[in-house]
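Below are two complexes that have chain A in common, paired first with chain B and then with chain C.
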Partner chain A sequence: MTTFVIRRLVQIILVLMVVSVIIFSMAHLAPGDPALIMMGGKQSSPEVLENVRNKYHLNDPLIKQYTYWMTGVLRGDLGESYKMKQSVTDMIIGRLPLTIQLAAMSMFFTLLLAVPLGILAAVKKSTIVDHVATSLALVCLSSPVFLTGIMLILVFSYKLQWLPAFGIGNSVAENFKFMLLPSIALSLNMIALNMKMTRGSMIEIMDTQYIKTARSKGMPQNTVILKHGLKNAIIPILTVSSLQIGFLMVGTVLVEVTFGIGGLGSLIINAVKSSDYPVVQGTVLFMVTVFLLINLIVDILYAVIDPRIKY
Partner chain B sequence: MECKIDLKAIELEHKQRRKRLFKTSFLNNYLVVAATIILIVIILLAIFAPLIAPHNPDQLNLSNSLKGISRENFFGTDRQGRDIFSRILFGARTTLLGAVFVVIISNVIGIPLGLISGYYGGKIDNLVMRMCDIILAFPALLLAFVIVAVFGRNFTNSVIALGVVYVPMIARLVRSVTLVEKEKIYVEAARAIGISDQSIIFKHILVNCTSPILIQVTIDMAYSVLDLAAMSFLGLGVQPPQADWGYMLSEGREYLMLSPNVTFAAGFSIMITVICFNLFSDGLQVFLDPQQRRV
Partner chain C sequence: MNVNHDELIRVKGLSVKFKTDRGEAYAVRNVNFAIKPNETLGLVGESGSGKSVTAQSILKLHPSDRTKIAGEISYKGQNLLDKNEKEMQKIRGNQISMIFQDPMISLNPVIRVGEQISETIRYHKKISRKEAMEQSIRLINQVGIPFAEERYYQYPHEFSGGMLQRFMIAIALSCNPNFLIADEPTTALDVTVQAQILRLMKKLQKDFGMSILIITHNLGIVSEICDHVAVMYAGELVEISDVIPIFSNPLHPYTYGLLEAIPVLGQKHKKLKNIEGHPPNIFDHIQGCNFSPRCPFKTDICLTEKPILRQVGNLRYVACHNPLNHI
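Right after this comes the complex of A and B.
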């Protein structure tokens, strides 16, 4: 187990090194002079531009520039935004709590609903309950997150006026109200996907010999389903969790833009739109690192839950 | 002589089995049939959009702003007074063409990579798989954001970006099928009679990868419609005034309170298209992979 974790960590570091080179070279591949972007497209004298270039080491050879950037990154300094003249690290830290809150709330809804609904649909297979649940899941899966969000705004904010549509609120209680719709929009898709998979693997498991044995020795239905069925049915769901974490991270970007929440997602999109490369580089590198680390944790959990897996 | 007759009989039986299978998986499943028909209609509407559209999709007419549903404008008009129905038709062109190109790009790169890496193994395999790992290190669309940030925000770049993002999925799939296929007796036989690696890979193994690739293609179509819409919604894909469903959603969001017509029209177009692709791919899966039918 320890060797597995160490091997994976080394692998992650190698991948991150390549990713950092890709991310770093993007600003230099891009058309347009970074010095001009920093001046906000204003007409500037060549001397001013030259000063900017010197200040940001833009005249140095690429390898040297990469070393500057990388030593900064390793010390937790992701550079300075072209547009906001602010430290990228501070910008990320300032916006991170909202994004984490959004992701955590949608994860909560997903875990709360997806597996029980999947079990319900599997146990009541081919009944009206199953048909309704699977059709709803298909609709949710086919609706992009931002469309779900807009529909929720339309129904719950404009028509029923139950919940606010845009913003994040001032107090804790208010904040919860503001974040409710965004996190529901984000979770519906994941609930549908996980429900579908729980249903599929549950149906398969309930057909196996050991479930039949458990039934025939008179074990109560609930124990059969929850203790013998679910425990084995849950494993296939974990295998695709990497995809889901990726979906969750990009989902927060889409939801933040839809609901006008100033988290990490809107930061990255605004930076892409205004060619603010240090911000794009910093946030992307940050998100990739988080993504890889979460994947590692999931892999470890996977081995803990399923003892058949030996790394 | 006998051998010939046997072959014919086997072929006949094979054909009949396929027909039966087609019936049970496709025709007897009304949903799949309905989805296929709707998909064909959508594709025809997109192809013949210039002939069908009652108005010019880009014709601004501010005096006609935010009109409701009428005989003149089936879905009403948007804030600039453009006919929503015509824009939906032309948006279908953008969306479907984009999705097709995403799938083509990812398959043209991914299939050969998967075949070669699965067949030869060793160093090439290692290299290809590490390249896939790098792309997969970016959560979903994030790499597409980066590519678009570098090469400029427009439709072509977002299609290419998504194509690249989809490569590892198809490459890994083809590789895993190739790993199984290359151990089979027909490959050994082909090798024994001196057929070149090239034709073994592209003529024999590739043919046996078609079912999983076809299924993956239909699933990818659904995903790329969703992802292209997301790119345009974020303002990284289609740029105005070109008609596109994703971009219409982001426009419509601004005046959702005044008139939700644009939002409904574009939203339901995306949803129906994706649902149909999903149902179609489910049907295809049952048809091509009989093991699936039990579940």
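Right after this comes the complex of A and C.
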């Protein structure tokens, strides 16, 4: 297990190095003169611009610029925002809690609803319950996050006026209310996908010989489904959930913009809009790192759940 | 068969129909047999003849929405077919147990083998975790697995097929049942392991005092552990007999064919014998005797009239218009 984790960590570092090159090149391929951007579009003399270029090493060859950036990154310094003149690391740390809260709440809703619904649909296969659940899942699965977000605002904020549409609130209780719609919007897609996955996986498992054995031992229905069935079905569900972490990150970007939440997602969007490349580079690199680490954790979880998997 | 009050289980007119996309399929038709305490009945037939369906009907393991079971299965005087799912749960694994063909897929891969025995005991006997565990360890020893305390905590993938079948037997016997259904318990195992498992079953039958219904297509197994044999073909019983006479004096042409198909050691240049043709499709309806298309001894009546199972001797029944040897 330890060797596996070490091997995977080395792998992650290699992947991150490649990713950092890609991110860096993309930012530098984008049109626009960083020096002009830093001046905020103000009329400036060529000397001033040249000064700025020198200060930020913009005249150095790309390889050198990349080395400056990477040495900073390794020390935990992601550079300085062109626009805000603020450390990118601090900006990320400042906005991280909101995004984590959003992601955690959606993941919570997803698991809370998707797994039980999937089990129900599987056990009641080909009945009205199954058909309703599967059709609903199809609808949720085929509507993008920004659409469901706007629909939710329309229904629950505008028409019913139950929940606020924008912002994050001032107190903890208020904050929960504000975050409810965004996390539901973000989770609908995942609920649908996870539900379908749980259903499929449970149907397959409930047909196996060891389930028949469990029944032949006289185990009650609930034990058969939850203890003997779900424990086996959870493995493919876990795989899908881990892949959805990536979806979740893209989703937070869209949802944060739709609901006016100042998390990492809106940070990226604003940075891209204003060509604030250090921020774009830093945030994207940070998200990729998180994605890779979560996948590692999921791989470790496999071994915990399934005794047949040993690293 | 006369009504006998020391019978443990009696299956009367059992018919099983499955609803499928292609219509209804009769898997088992009008099956009758009885087993007395401590006796072993072998249910013999080729694949698809309805042996397993018959066995699983006793425990009502078929999906209830797609299966229609008719007839009567009386166990200690109560008809199991009248019982609901809750009542069946109290019988399964407790009074009537079952072991299956392939031990490699019969145990839950993510639950420790010991727990798979213990949970059965805990559920039926309502005893503490610790007591259940102690009993399980004793059982693991009894089925011939050494180092039971350590094995208790291992997972199924850490064992061979023969070992797993021993664990299955331990699960089946954990609540001291009266009746064990063994559905081809050795088919998936090595020949040497087969013999060990059969010997173990025979020994435990004595120790635990139970009846066994063993399903097999291996007549060697029948001769080794059965008291009686019932031969099944295309969902129907064609012959019932004590074990010795069926080998020396088979009455039904199908039984004869099965016996002939056993290769004899030393007959080098002889071609292996088989029964020509295939068993009928479950959806087909055959007029007359089910076996007639394959029967070398058929006469005109076999094509028009279905033979019924009739008594031809003491505990000897056959469903054939022209039984081979008259008693």
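Criterion: the second predicted complex is superposed on the first by the 310 of 311 C-alpha atoms of A that agree within 3 Å, B and C clash if a C-alpha of one lies under 4 Å from a C-alpha of the other, contacts with A are read in each partner's own complex, and residues count from 1 in each chain.
Following the convention adopted for this analysis, a contact is a pair of C-beta atoms (placed from the backbone, for glycine too) under 8 Å apart; a residue touches a chain by one contact, two chains touch by 3 or more.
None of the values given here were measured: they were computed from a predicted structure.
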* Asked: Do chain B and chain C fit side by side on chain A after the overlay, or clash?
  -> fit
* **Partner contacting more residues of chain A (chain B vs chain C)** => B
* Kindly classify A:210 by the partners it touches after superposition: chain B alone (first), chain C alone (second), both, or neither? => second
* To do: With the two complexes superposed on chain A, say which partner A:154 touches: chain B (first), chain C (second), both, or neither.
  => first
* To do: Tell me which partner A:245 touches in the superposition: chain B (first), chain C (second), both or neither.
  => first
* Asked: In the superposed arrangement, does A:232 touch chain B (first), chain C (second), both or neither?
  -> second
* With the two complexes superposed on chain A, say which partner A:304 touches: chain B (first), chain C (second), both, or neither. => neither
* Name the contact category of A:141: first (chain B only), second (chain C only), both, or neither. => first
* Could you say whether A:62 touches chain B, chain C, both of them, or neither, answering first, second, both or neither? => neither
* Taking the superposition as given, does A:221 touch the first partner, chain B, the second, chain C, both, or neither? -> second
* **Lowest inter-chain C-alpha distance for chain C and chain B in the superposed arrangement, angstrom** => 11
* Set of chain A residues, in rising order, touched by both chain B and chain C -> none
* Asked: Within the complex, which stretch of chain C touches chain A?
  -> 59, 61, 85, 88-94, 97-98, 100, 102, 105-111, 119-120, 123-124, 155, 157, 168, 171
* Structure fact -> So, in the complex, the side of chain B touching chain A is made of residues 133-134, 137-142, 145-146, 148-153, 222, 226, 229-230, 233-236, 246, 249-250, 252-253, 256-257, 260, 263, 267, 270-271, 274-275, 278-279, 295
* **In the complex with chain C, residue positions of chain A that touch it** => 208-210, 212-221, 223, 227-228, 231-232, 305-308
* Asked: Which part of chain A faces chain B closely enough to touch in the complex?
  -> 15-16, 18-19, 22-23, 26-27, 29-31, 138-139, 141-147, 150-151, 153-154, 158, 200, 203-204, 243, 245-247, 249-250, 253-254, 257-258, 268-269, 271-273, 275, 277, 280, 284, 287-288, 291-292
